[in-house]
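Consider the two complexes below, in which chain A is the common component and chain B and chain C are the respective partners.
Up next, the complex of A and B:
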């Protein structure tokens, strides 16, 4: 008896073994192997992306202000390995204080010599002073693209002196001490501020502060710089990190730069301020100094400074979701309707076929553009919802092809004598459809599913480029932005190539897999 | 013939509409039909094998399919098929669907529906011509044989395995364990046809339609399959409709033979009677075409007792449908007006031996 029992397989083990056999067959096919490897990679990257990307990325992507710390329109960092000089992008968080104490006109030379001798200083410093200093090494002859200072003050701006509350005010000044010994005041608030107001300020460099003195200084050295104030504004970082060659020419000055962020406190007696700072009641939770490089990350940035790598990463799970969802849904619908149409025939068949005729003659693009416009107007719809509405329409308008093929396959299977045999037994229509017909069609359905994945992904990307946007940072969205800024984007290969390549590779992977499955289910196509 | 008829086919007509083109529709041409079965009447008794012989396209398969209700209702152009199910099935039908019960314990096959039909289907099974196509290639033999039991909710897993194994033994596929896990493509043609027979037997049917069950098989394995069928008829007292176009085979297998031409039975009688004394000119032509066993006689060129080509089943001639091919028509001028005017019915020329030919018209008293 036990011998007979082994004959029986459970449904689960049947499915598992046929799946295993299927994957094995695909693996033995070269195209299938290549496709599978790429798809496994895509899946791994997608999982990695979902696990590591911040959940707020879609919102951040739309927010211009969120990207101010990033250099704009710079290529990826690895271009240095192809001989492109790269000024490193550096972020300094909570740098060391190199000085804190009371500065007077008498001791300033000793305490802050780089300030006392800097080009562009507006006033001499008196009061309690803290200096945060960092070093920046410029190894390659390349210009960094900016310096930005960001503050997170402790939420308090008063000190109590002899029982009287006093507002503390601060004046932040950034001095760059160059490798050639020259110091320049590159950034400074125009007047002292309440310390808590610094939370809302990003301090960036401006040539307004130093340009005249800079020109004079180099004129004495025999280099004539021809620049107006407005000219100078566009050359701030070149002037800071460069050696003037005359005219408007600069060459990068390599070496070690020291950046000194000087915070001058005023509004109360320096001793009282010092006490409050030492007690931790006044000052900063966090200070961040960013030297923007001329290259960034794995994939560079776009014209808004957005890190393209994040969107490339984000694009993986979205592409998979779009492709698989659209393909699975339209193939399932096509399979069910095709089988019903072919199996029941007659009026049902006629109605379904005419409906498909109508459906496949509806122009998809205008409808999707219409839907896109309607969605854009609707405020309450989230980006994922928009995406799935778009996919939904792709599915609704896209199942017809599968249904037609499945119908014709059903017609030929239905004519097989074993279907008659099943009917003679008394098997129900449901049983015949699910046990006899669908298992025959399933491999073809798998192939057509795999084949329709790239179509869906590329259509979604295409819609983004056409301006039908859901707002998620995807490959299509990157391309859409590049398209919108085509004037500058055509010089920025890192903006256009990677998303394009990702689309192509993903599409290729599924096509390879589809071809492999097709040769397996249809051995006549088998190549040697 | 003695005993009770398990199945009675009464003036059965199966017509298939000819598909019309748009042009036909626009021109309002009338709907044409293929008269696949065009007024067939016969009975099969318990424990009897009736052979249906005739050339290709004469409607043999259609008749068999009609009996097991594989023909759509809308293609039944007339007549009825009555079936005598076992007592319990009959009781069930009486309860669920009394309107499908005909006289004397018969049920009307084409009035049945739903559960009542399912019950009656246990009593009628069919073996198909092509053992290569009648088994689902994705099913193991166990799945194939178990399916009828699952559909009819018979037994639990263990019991079903028991039944299936026993049936495999009946068709001499032993040991069953060796065949159960195999797929059809792992069997020989003869073994497959025996699996198909086993599937038909699993439900213990009373009526079996076997559509050329051995025509696709090697001559060497025909005998064993036929042996199995003969044994079944005798042991299980089944009524078997055996379809073949081979008269020699029919004589070996059948009790009675019905000869079919273009959707009509033209001669019906005992197997030996028909072979030795064919009445209808068409039967005579068929028997004439059987190869002679004696090598000497084989060399003699025999005169073919038939002319022309098979007439279309769409546009039937007026009068006797065999007339365009009939040699007797040419040879017997006196009956010609009859042949041209009217279709002959079955005429009992000898007891139990009928022919549909005006040659045997009884001179009216």
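Up next, the complex of A and C:
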């Protein structure tokens, strides 16, 4: 018992010391140094990703509605440094109130001049009004891709007037005051609604409200816009942020835009509403106005508006987990079975070798895809479970090569005289295997471990591309979505380039490290 | 004669092992498909679909009562369930299914699979594979041959010039192509050459209508042009990805030889470089290199499932993928059988060659 323990301890310390020496030697090799540096980077980014990414990201990634505030299909923001004009993506949370008070037909011109000036005005506002105003600077000649307003109302929609409960209704209106002086109503609810219902409304712009006024305005200036109402719908943001050139052509109009969100309260006497708002019983906890840019973040967005950078980050720990788990597991299995096969020989060896024969002829990828597709249909299997079942099969099908090499090394070590000597002084099989054989094979096992990491990562990503999904936002998943939307995605470099590059860099790091280890453990490869 | 005896002995033993592997692999795949109930669900849906069509056509006919229709439908359902073997539990279907797979006496069940093959149902699995195979050969096997043709003469020289800038460049190139997935390079190639530069197609499925023998005989040049138009980018990308691996592995084999004493002596004697490479290196590495070539060619006909899917290239890989997606068990088994057979045959030939060429090899 104690002897076994001692063997184990000495094996552990041997591994530790040889690992230390090994890392030192790898560091002296240029390729090894490069590989190690990249791997350390990947580990740091993985830790950062695990620490900072929200835990609900995998679910959010699948939820189309969760990404409505993001611009869709836009490149990263840093393209501006390469001369691409960029309309900034800007989020305004709880903007300043520029006006609040009671509006009547008599004072509207003074209170809401931009609204009164909006041409083609047919309705007149009467009642208690709050206006939230923001400024958006368009510096580069580029079109933003949309404006979205989101509300979080206080959870109350009644005021009490003379002891009677009154439902308060609101009408939100968004007016854009352009740098050229034109004011247009770009968004408005079709009718007043219960204030608490606004929580479920994301108000986006529509050309229906301003296209006629817009065309008339520019017709007066001598620019003819040829557009029907249906045409105009597709050009809403270009019309808002652009200067018409005639026909259906627009060019971006740079300058400062003022966005006014007008909230008209109705349903009760304006004074009662004003009191309730001042007392904080009515109104909004949060108002968000988003001007969607034509570029976003570090890595851009896909066609659902998802911030690709988040999945790139998430991909780091997943890739490391996949690669290391698959490599460690298959090399350990290959090592153990290879040593057993080589050391014991005879029938054991024969059975193992025939088994490996079968294994090495299996077309691995089709079988993995088959298993993956079958798993897809099984309900109630979690994403990480699915991932590791797939990797498990990858391991089960993939240890044969290591076992063959380990076996032949074991055979040659077994023939050395010191093994006979050990046997003669009564060393047990376990002692010989653990003290004399495995320590010698370990460096080779390390090299083959490191070499098999990229294969596992790439195979897993490739399965994702084929639609064998586990539900985690990874590099493979980004590329899988690109493949599913190939008609549009293959035109967007920011969608297909970064995830593959990450796969390649991660793979390259391990390949370089493997090459370095190989040079060290294979003296004949070492340069003389 | 003792030599012939030895060869026969090896041929027999390895034949049994490799043939056994083939049978086990096909059988186990059938077990996976059957035991998980993967194909029954799809077959049931298929039968219902056919019955629905039959019902509609019967209802159009006059002079048939609803009960008669019901009767006919029930009989037809029974008949179809027997055809697809659904009247028996999966483990009873297993053996007949495996045997029919080996005879390639099965029919494609899914329309989508038939579409990839460019054929129409009813079509046998054998015909579907015969249709897809040339398209995989034109892309992947051709690319493999081109990569070989470049690497084989070049790699020994690189090994000979170990440590030179060229050598370092080749190792780096090999490391990069090893790390970057071929199917991702395919995506980038479609972006760059298809969408950006506009000098390559962005859709490759149409190769179906050009890669046909009767068309080639009717208008050889035009057909060749069309085929090349669709094939050149997939071939180039594949060659780019393969070349690194080929250069590196042939170089690795050659380096061991370069370090041997007799090569050092030959160099020291002042023999010209070309002679050293040809006489003392190429000859010795021929064995392992032949292994690479035969196994490379044998596995190339499996197609590349992911890369073909990215290109939407209707070869063996796409056939595999579509068959798995649509639960077409006969096609999956047929493909596993044919591709494994070719690979196993390749290995078999190799092992016989080893024995013939090298008298030291014992089994």
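Criterion: the second predicted complex is superposed on the first by the 505 of 528 C-alpha atoms of A that agree within 3 Å, B and C clash if a C-alpha of one lies under 4 Å from a C-alpha of the other, contacts with A are read in each partner's own complex, and residues count from 1 in each chain.
Keep in mind that, in the parts below, a residue touches a chain if its C-beta (ideal position, glycine included) is under 8 Å from a C-beta of that chain, and two chains touch if they have at least 3 such contacts.
These figures come from a predicted structure and were not determined experimentally.
Shared-chain residue A:421: touches chain B; no touch with chain C. Once the two complexes are overlaid on the shared chain, A:49 sits clear of chain B and of chain C alike.
Residue contacts after overlaying the shared chain place A:263 against neither chain B nor chain C. When the two structures are aligned on the shared chain, A:504 is found in touch with chain C, with no touch to chain B. Once the two complexes are overlaid on the shared chain, A:431 sits against chain B while remaining clear of chain C.
Look at A:239: by the touch rule set out above, it reaches neither chain B nor chain C. Chain A is touched at more residues by one of its partners, and among chain B and chain C that partner is C. Looking at the shared chain after the overlay, A:440 reaches chain B, while chain C stays out of its contact range.
Per the touch definition, chain C reaches chain A in the complex via residues 17-18, 20-22, 24-25, 29, 32-33, 36, 38, 41, 162-163, 171, 175-176, 178-181, 183-185, 187-188, 190-191, 194-195, 202, 255-256, 259, 302, 305-306, 309-310, 312, 320-321, 324-325, 327, 332, 335-336, 339-340, 343-344, 347. On the chain A side of its complex with chain B, the touching residues are 3-8, 416-418, 420-428, 431, 435-436, 439-440.
Residues 31, 354, 357-358, 361-363, 365-367, 369-371, 373-374, 377, 454, 458, 461-462, 465-467, 479, 482-483, 486, 490-491, 493, 496-497, 500, 503-508, 510-512, 515, 524-525, 527 of chain A are the ones touching chain C in the complex. By the touch criterion stated above, chain B contacts chain A in their complex at residues 65, 68-70, 117-118, 121-122, 124-126, 128-130, 133-136, 138, 140, 142, 147-148, 151-152, 157, 161, 165, 176-177, 180-181, 196, 199, 203.
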